[in-house]
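Scrolling down, you'll hit the structures one after another.
First subunit A sits with subunit B, and in the next complex the same chain sits with subunit C.
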Partner chain A sequence: MYNLILFLVLLTLGYAVGQYAERRHYRSILEREEKYSGLPAIASKYPPQQPHYGQALVTGSTVVSVDYFKRFLAALRNLFGGRVTAYESLLDRARRESLLRMKQQAAALGADMVFNVKYETASISKGNGNTIGSIEVLAYGTALIAPPAR
Partner chain B sequence: MLISNLELIPGRKVIEHLGLVQGSSVRAKHVGRDIMAGLKNIFGGELKGYTELLQESREEAMQRLQRQAEAVGANAILNVRFSTSSVAQGAAEIYVYGTAVVLD
Partner chain C sequence: MRYRNPKIPEGINVSPGHPLRELALLAGAAILLIVILAFLLGQFGGRLARLLPFEHEAAIAPVELLNSDAGPALQGYIDALADRLTQRMELPEDMRISLRVDGGETFNAFATLGGNVLLYRGLLEALPHENALAMLLAHEIAHVAHRDPIVGIGRGAAVQLVFGLLFGDPNLAVLGSAGLYTQLHFSRAMERSADSAALAAVHGLYGHVAGARDLFNTIQAERVRSGSGEPPAVFNSHPLDQKRIEALDLLASERQWSRIGEVTPLPATFGRWLDEAAAASKDRSAH
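Then we have the complex of A and B:
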């Protein structure tokens, strides 16, 4: 009985706080995506030949975790199969946040664009039951910095 | 030292390839961070402690990469890649590798 109450409390707590935090995070992501829309991240390996841009490696990383409620949803999904939206939104948030952090670093260097952007995803707390728990997403690329006008 | 994940630098030529250089770092977090992470597992959201931890260890791996490149006499590292793997519960390995070259 006690366990059931604890479980329900965690579930509601996870739902309330998790939903609130996610909505707030998405709002902040959209805001910053707008802000950095002038600094494109490009997945091409071949930088423009002219002018001779300066280069610097830029990175951005995020570690995020799902809340208790979403983990419960995902566990249910494991029974029936199908799309696990709970984890989809988690990964989406982490990717976009990492890309924004990378862009932020590039903007601080005065870059015009970021080339050869790569993502790297790793699950951090593996072995903790068989849930995904938390994931790390790293975004990295080469910032191209325009040479000073001669 | 120029570090880039592109394969060529416009306007500069690669004179010499010096082979693969690498740097790695394995770190574990301390207990305080673990407890915070446990709470976050209920509420969800970003684990700032882990983000910082991984960033620090990535910087360390980059320093090792750079030191190795300096040792072989390179002045640039091209085509740099990152890779992360969780070795055990609570520890992650960060691995960075790239090609050491001499640019004119």
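Then we have the complex of A and C:
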């Protein structure tokens, strides 16, 4: 009985806190995406040759974990199969946050744009059985820094 | 060349739909699955348990939990009544019924493994006449004859075992004798069929079924008297008294059993016998 109560409390708490955090995060993401809209992140490997840009590796990394509610939802999903929608928004946030952090770094270097942008993910709790899954989303690319005007 | 990141519409990488809706859907489906699994397991366990020969069932009966506080006179009387009933109930050859009386106040009676039937003084005292007592005995004997106790335990044990293994913490104590004693749950179908068999036996014994329904009236009266709305313990899983009475009335009219007849009173000394049983029970708990 106590286990059930604990479970329900955790579930409710996970839901309430998780939803609140998610809404807040999305607001901040949209705001910063607007702010860095002048600093494009481009997937192409071939940067413009002129002017002679300075180059620097920039990275943005986010580690995310799930709340209790989403974990339970995903576990239920494991029974039936189908899209694990509970994790979709979480990973969407992680990807965008990583990209924003990368852009932030690039902006700090005074870059005009970032080229050859790639994503990587790594599972941190891989193989650790019962631990809550958390993953890292890493975005990296080459920041192109305009040469000082002569 | 101009490089830019156009603004991408929201909601492409995230499926729409409220998480609570998904939870309700998935949890509902999971619960349904578990209920179906439990039902199938129960049926399987029950079928398996029924295959256990009665003599083995007697060997695992929780005899240490079944005391009898009945003096020789009371024991002789209820044994004789039960004998007259069993003659009309087509019990298998090897099946023996042992009646025991507990002198406690509990308003209860139940059949358990090995043909053991335990009657509590609390219930016996409330019975108005022998016909109601016969109905009670026949009902419990019918449970034994139908192998309901072992089937009930088989069902409970199969469900507990598999769910225990699935979700961890398999409560294997269910297979011990204490478990057997507390695991008795009869389904409504079991109760109904025990009622029918009991009514047939009562009709066979007295030639009419007058007074048989007084057993249920007594139970219902106790329910009202105790006032808690809580039904007497063992009748928890029983179908509602009113529905049972209706079912019995229907059966009686279908078979054209007379509902009018003279009820046989209980022996004049019945009350004294019960007092003796109560005293014996106090003695036993004092030691």
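Throughout what follows, the second predicted complex is superposed on the first by the 145 of 150 C-alpha atoms of A that agree within 3 Å, B and C clash if a C-alpha of one lies under 4 Å from a C-alpha of the other, contacts with A are read in each partner's own complex, and residues count from 1 in each chain.
Operating definition for what follows: a contact is a pair of C-beta atoms (placed from the backbone, for glycine too) under 8 Å apart; a residue touches a chain by one contact, two chains touch by 3 or more.
Model, not experiment: these values are computed from the prediction.
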Room on subunit A for both subunit B and subunit C (clash or fit): fit
Contacts of A:S28 with subunit B and subunit C, given as first, second, both or neither: neither
Contacts of A:M113 with subunit B and subunit C, given as first, second, both or neither: second
Residues of subunit A touched, compared between subunit B and subunit C (which is higher): B
Partner chain in contact with A:A41 - subunit B first, subunit C second, else both or neither: second
Touching partner for A:I124 - first (subunit B), second (subunit C), both, neither: first
Contacts of A:T59 with subunit B and subunit C, given as first, second, both or neither: first
Subunit B versus subunit C as contact partner of A:S89, first or second or both or neither: second
First (subunit B), second (subunit C), both or neither touched by A:L79: second
Which superposed partner A:T12 touches (first subunit B, second subunit C, both, neither): neither
Contacts of A:T142 with subunit B and subunit C, given as first, second, both or neither: first
Centroid geometry (CA): angle subunit B/subunit A/subunit C, rounded to a multiple of 10 degrees: 120
Minimum C-alpha separation between subunit B and subunit C after superposing on chain A, in Å: 15
Residues of subunit A that lie at the interface with subunit B and also at the interface with subunit C: 48, 70
Subunit A residues within the subunit B interface of the complex: 10, 13-14, 17-18, 21-22, 25, 45-50, 52-53, 55-57, 59, 61-68, 70-71, 97, 115-116, 118, 120, 122-128, 133-134, 136, 138, 140-142
In the complex, subunit A residues that touch subunit C: 15, 19, 33, 37, 40-42, 48, 69-70, 72-73, 76-77, 79-80, 83, 85-86, 88-89, 91-92, 95, 113
Touching residues (chain side subunit B, partner subunit A) in the complex: 2-12, 37, 40-47, 50-51, 54-55, 58, 80-86, 88-90, 92
Subunit C - residues contacting subunit A, complex: 1, 3-5, 7, 13-15, 17, 19-20, 22-23, 26-27, 29-30, 33
